[in-house]
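A short worksheet on the structure shown next.
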Amino acid sequence: MRVELREITKRFGSFTANDSISLTVEPGQIHCLLGENGAGKSTLMNVVFGLLHPDHGEILLDGEPVRFANSGEAVRRGIGMVHQHFMLVPVFSVAENVVLGFEPTKSLNRLDHDKARREIRELSERYGLDVDPDAVVETLPVGIQQRVEILKALSHDARLLILDEPTAVLTPQEIDALMGIMRSLAAAGTSILFITHKLKEVRAVADVITVIRQGRVIDSVSPETSEPDLAALMVGRSVSLTVAKDAVEVGGSSLELRDVVVRDDRGLVAVDHVSLSVREGEIVALAGVQGNGQTELAEAIAGMRHVESGQIVLGGRDITNRSPREILDEGLGHVPEDRHRDGLVLSMSISDNLVLNTPRRAPFARRGTRQLSAVADNARDLVQRFDIRTTGIDASASSLSGGNQQKVIVARELSRPLVAFMASQPTRGLDVGSIEYVHRQIVAERNAGRGVLIISSELDEVLALGDRIAVMYAGRITGVVDSSTSREDIGLLMAGAGREH
Amino acid sequence: MSVALEASRVTTPHDRRTTTIGAIMIGLGLFIAVVFGLVVPSWAHSQLTFDPINTAVHAPWHLGALTVETRWTDTLLGLVAVALGVEVVLRHPRRAMSRFGATSILFLLALLLWASRTSGPATVNFVDLTAVLVGSSSLAMVLIYGSLSGVLCERAGVVNIAIEGQFIAGAFLGSMIESVTNNFWLATLAGALAGAFFGWILAFLALRYMSDQIIVGVVIVTLLAALSSYLNLQVLTPYPQFNLGNLAPNLAIPLLYKIPVLGPVLFNQTGFFYFAIVLIAVISFGLFRTRWGLRVRAVGEHPKAAESVGINVVATRYRNVIMGGAVAGIGGVSFMATQGQFQPGYTSGFGYIALAALIFGRWTPSGAVVASVLFGISSYLAGNLQGYSVPIPTEILGMFPYLITIAVVAGLIGRVRPPAADGVPYQRS
Amino acid sequence: MSTESITTAPRASWWRRLYTQSPTLLAGLAIALGIVVGAFVIIFTSPVVLRSWRHIFSSGGAILSALKITVDNVGAAYRAMFTGSVISPTLLWHSLTTGHGWTTTLTPLSETLTYATPLLIASIGVGIAFQTGIFNIGANGQAQMGGIGGAAVGSMIHVPMVIHLPLTLLAGILGGVLVGLVPGLLKAYTGAHEVIVTLMFNYVVAAFLIFSVLSTALQQPGQSNDISRTIDASAQLPPLFGVASGLRVSYGIFVAAAVIVFAWWFLERSSLGFEFRVTGQNPQAARASGISPRFIIIAVFCVSGGLAGLAGTVQMQSTTHYIDGGFLIGNAGIGFTAITVALLGRNKPVGIMWGALLFAALGVGGRAMQAATGIPLDLATIIQSFVVLLVATPVMITEIFRLRNVETQRIQLATQGWGS
């Protein structure tokens, strides 16, 4: 199917997420949309899929203008979409999820489960995507859930397949397999819109690359374009992800994990006998595809998740299963993965957010009464030292850009006396300037002799920051290597090779 | 290619909780066995009768009365409770809650037997089982309407805490229409419309303006309580012909109604009772067997996913909340039709108890029915034990249904999982 | 004139200030709409008015006379409400000119303040819970228990006033804390949704109230009714202007004032209050910042329940000096009104103060209206419910009045779904 977008504009309130975007996908073409987090890629795809309505512009399928009232119509016109955040009902079976909205029925509107199952078996066979139609989705691992999502997208003879960052939850090997599927679909004439912000994948699979930045099309280029050039297009200036690091004398143990076992919300083992040691003056970067237990591990270290067995030691003191309060007081700095959920109170002021976890400490409070002048002094000082761009310390945290919000958290954590510093996905969704800044702060903390644990699913970040790199797969550490290890070898570890370790 | 995480289930908080429940049940059972059973003198006897209330109309077979020795009967009942508790502790059955419900009924039954024992303190020295079941059934019916209303709303992701208000609206309007037209069909229709209207108000404020569903629901109840009391004084008191309080006639099902005990309870009831049974079947079937149900549940669990396959989330929610309101409105009429004349405040929290029944029943129609029956029986017994002058003050007995409700929502009978998007506003961009 | 130019400037800025403070504007509009709705309720239920409209086509003047009858009836009701709760201009004029009859003149105001005092205290309790994301519908039960505690300590212990009065207040607080604590503990440890638990406790405490006033310990000796002993004079909150004044407004208003100051300090300045607000606005971030959610839940129920209990005992200590089976039951209840007041005042102490005065006036005026015109006092609750539905839906008000540029803030509880 030939898909043409003409001057699509989409606004959320006063914010323009898509600013007259035009692009064309030819039949059988794999068209990559490349852009940073927040560039507006998902918004554009949701417009194409009929989930959002454009404020302006039109969509043409095979030359015919269409307006979708809802995404059901888009599906009927041959569009399938794999969403960045899976659109699967966790308590439904695979079959129920795949047929939802287009259910085969018998008399009395009854669901025809047999027919649904048959359809799924057929689809599975046709595309080599093996799933059990009766399995309940929430019991499946993410990789399989994504297969369900792809099956669902393909189940209505999609002639345009939209894949919104499908690789974020996959290992390098799974990514290769996915790309194989994409190529064979394209060869059979399906048009594909593939979204990512990872340069390597784009160059491996794309026929055409369209780069989007801040809601606008910057350029359309061929896959031969070099990675640095693509990166420069994406972020607007040339970047280097390397951080200057001096050699620092490594000291004693700062944060140590011994045989830690942690379960996830569903009661499954998410962290499976993990041992890891972070020494003073070193950065250990924990790499791995999202969803392999890193989140649960970080939560356990911060005291927000029960440790079933094993031991966590901070600066020689056992902090296993202590409360978050006690662990903070013992000197753990923590930048949480989801900063809006765990790191900030968006409706509160910057100065309040800068004392969010120390409101009772001197000089911010005395005998149960907050000392607002001390809180304000602290805020002014940190805003200046950490270069937080804001209209004032009383502005709400929600008024800040993502990068500056992250700086607030980093400033708050680094301004406390620390024994060790842990940051999860510290630069996710940040602009390049902020990334560099945050990286420099992290390295400075290491240079000051603290142990630093970075948890990141961005391989580039891991390679740039880590003195040592630990790789996590399926809840285990599959290897600890030094920073000169090649991407390919780390990729193998991320896929679970070397589990015998 | 990818390897599933090895999964093994272990003791989760749920299991620990189940053990606690089992322990409570065992304690309760021992209490029954000792206090109501073993310490009772051996000469004490309790009498159970099975005669229908109205022997003139039916009861072709006279079953007579069953006289039992209080000590051993109550000891036996206590031991049954203990056994159920032991089973819960050891086997962690999925249906631990219904076993808990059974235990609480055993408790009340044992109390009743004990209170009515010969030479006991009682003024009534027999227990009419048929009367107990018939009396409970009308309360249970009202709760069934309420909790089915909750099922419809909450499965689509809207918390309808205004059930109590819809009861009031249905009872009020139902009473007026019935008194004027002498026609329960019209009264039911009016009650359904009144309930549906207030369902629509809730849906409108919650879906269009995304107001907090719980606040809106609670205020609707306050509004209707005040409005009905106001209208009662302004309209019903000066014109009593608008509030005659006719009871709905019983429609006996030929032959079946003659079955002892079960006949009067199940087959000699008002049309509202039979309609409730039909409704249970229809909603169960609709929700779990049909395309409509699959879509409703998708909307309640993951509205975005539903939207992404072209299901209109907001319209689905409107439809369900309005339907739920109508069902609760009919429940209000049924209350009026079995309890008589409308009075302000006479639904006394039944709407909220229906919500608890819904939670107890894990948001399924069948579970809600079981819970409603349990609540119905315990409410009835607690309300009527005073006739037996049990040495527990009436006021304390009156707390019983509310305390059970608290125990239920506290998840003492096992943790339950509501529809994932229940009560969460949905915004379409 | 020079004075005019001086007064216009501040007036404009006053208006702008009101206008830009959208909560105040929206609350004002909601109240106005509520009063209009109340008028329609009167019109549609008053036989005289309805009859007059039935004949509007019979003669030319009929429509005018129907209008007049309508306005007269609605006017009489609202006039009775106003003069019954604030002041009657004729009586005021009479007192001013003759210097007599001040008691009658000031009684409405005194009654409004008397009723507002416990309402204000309970509403602040509910508001603090709201700010923490907790919906305490159980204020009525907590207040009743406060009354029971106060009545017990006030009537059974006999010590000098300096000890007795604070002790009685404290007993009321403890009663409220006790009832609030159970839902708090259940929510903290089992996740039970506080809405149902606190609601059910209202029924439980209402039953316990009867039980307690019938118990030998508390029942008025020589009585078989559900009425408690009268508390000692040393435990009473005396009338502000002396018993001889005939005005019931008591020293309780100083307790209320102290509660306002405390609540302001607590929410705006105290560390615990800060943690409450953080929890209310982002429970996950609160937990990550080392704030224990369990501790906060239990603490907020103690504070909220304690204030409700204080409200109950203040009510008892300043008016009846005893409790009976009808204490805070039905129309006399303050729990639901406290919720509406808290929402109207946007959970801020000063806003709540205005809300409490307004709703107290509605309640007191409603009684006067019922006495004067026969229109049931429930009208006050109907108006209140409408006001709160509107306040909870600010966007709708801006749509009705076609307001642009007025910021609306949605009220959202942190606790969604049932969570149990």
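All chains are identified by letter, namely A, B and C, in their written order; residue positions are counted from 1 within each chain.
Note that in this section a contact is a pair of C-beta atoms (placed from the backbone, for glycine too) under 8 Å apart; a residue touches a chain by one contact, two chains touch by 3 or more.
As the structure is a computational prediction, the values presented were derived from the model and not from experiment.
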item	value
Touch-based graph of the chains, sorted into line, ring, star, complete or other	complete
Best-connected chain pair, where connection means C-beta pairs in contact	B-C
Centroid spacing, where centroids are CA-atom means, of chain B and chain C in whole angstrom	33
Rounded Å distance, chain A centre to chain C centre (Cα mean)	48
CA centroid of chain A to CA centroid of chain B, Å	46
Contacts with 2+ other chains: residues of chain B	420
Contacts with 2+ other chains: residues of chain A	none
Contact set on chain C toward chain B in their complex	41, 45-46, 135, 137, 186, 190-193, 195-197, 199-201, 203-204, 207-208, 210-211, 214, 330, 336, 339-340, 343, 375-376, 378-379, 381-382, 384-386, 388-389, 392-393, 395-396, 410-413, 416-420
Chain A - residues contacting chain B, complex	12, 49-52, 70-75, 81, 83, 85-92, 96-97, 100-103, 105, 108-111, 139-141, 143-144, 171, 173-174, 177, 263, 267-270, 474-475, 496
Contact footprint of chain A on chain C as seen in their complex	265, 269-272, 274-275, 277-278, 281-282, 284-292
In the complex with chain A, residue positions of chain B that touch it	1-10, 12, 289-292, 294-295, 297-298, 301-302, 304-312, 420, 429
Footprint of chain C on chain B - complex, ascending	17, 159, 161, 205, 209-212, 214-216, 218-220, 222-223, 225-227, 229-231, 233-235, 345, 348-349, 352, 355-356, 359, 393, 395-396, 398-399, 402-403, 405-406, 409-412, 415-416, 418-425
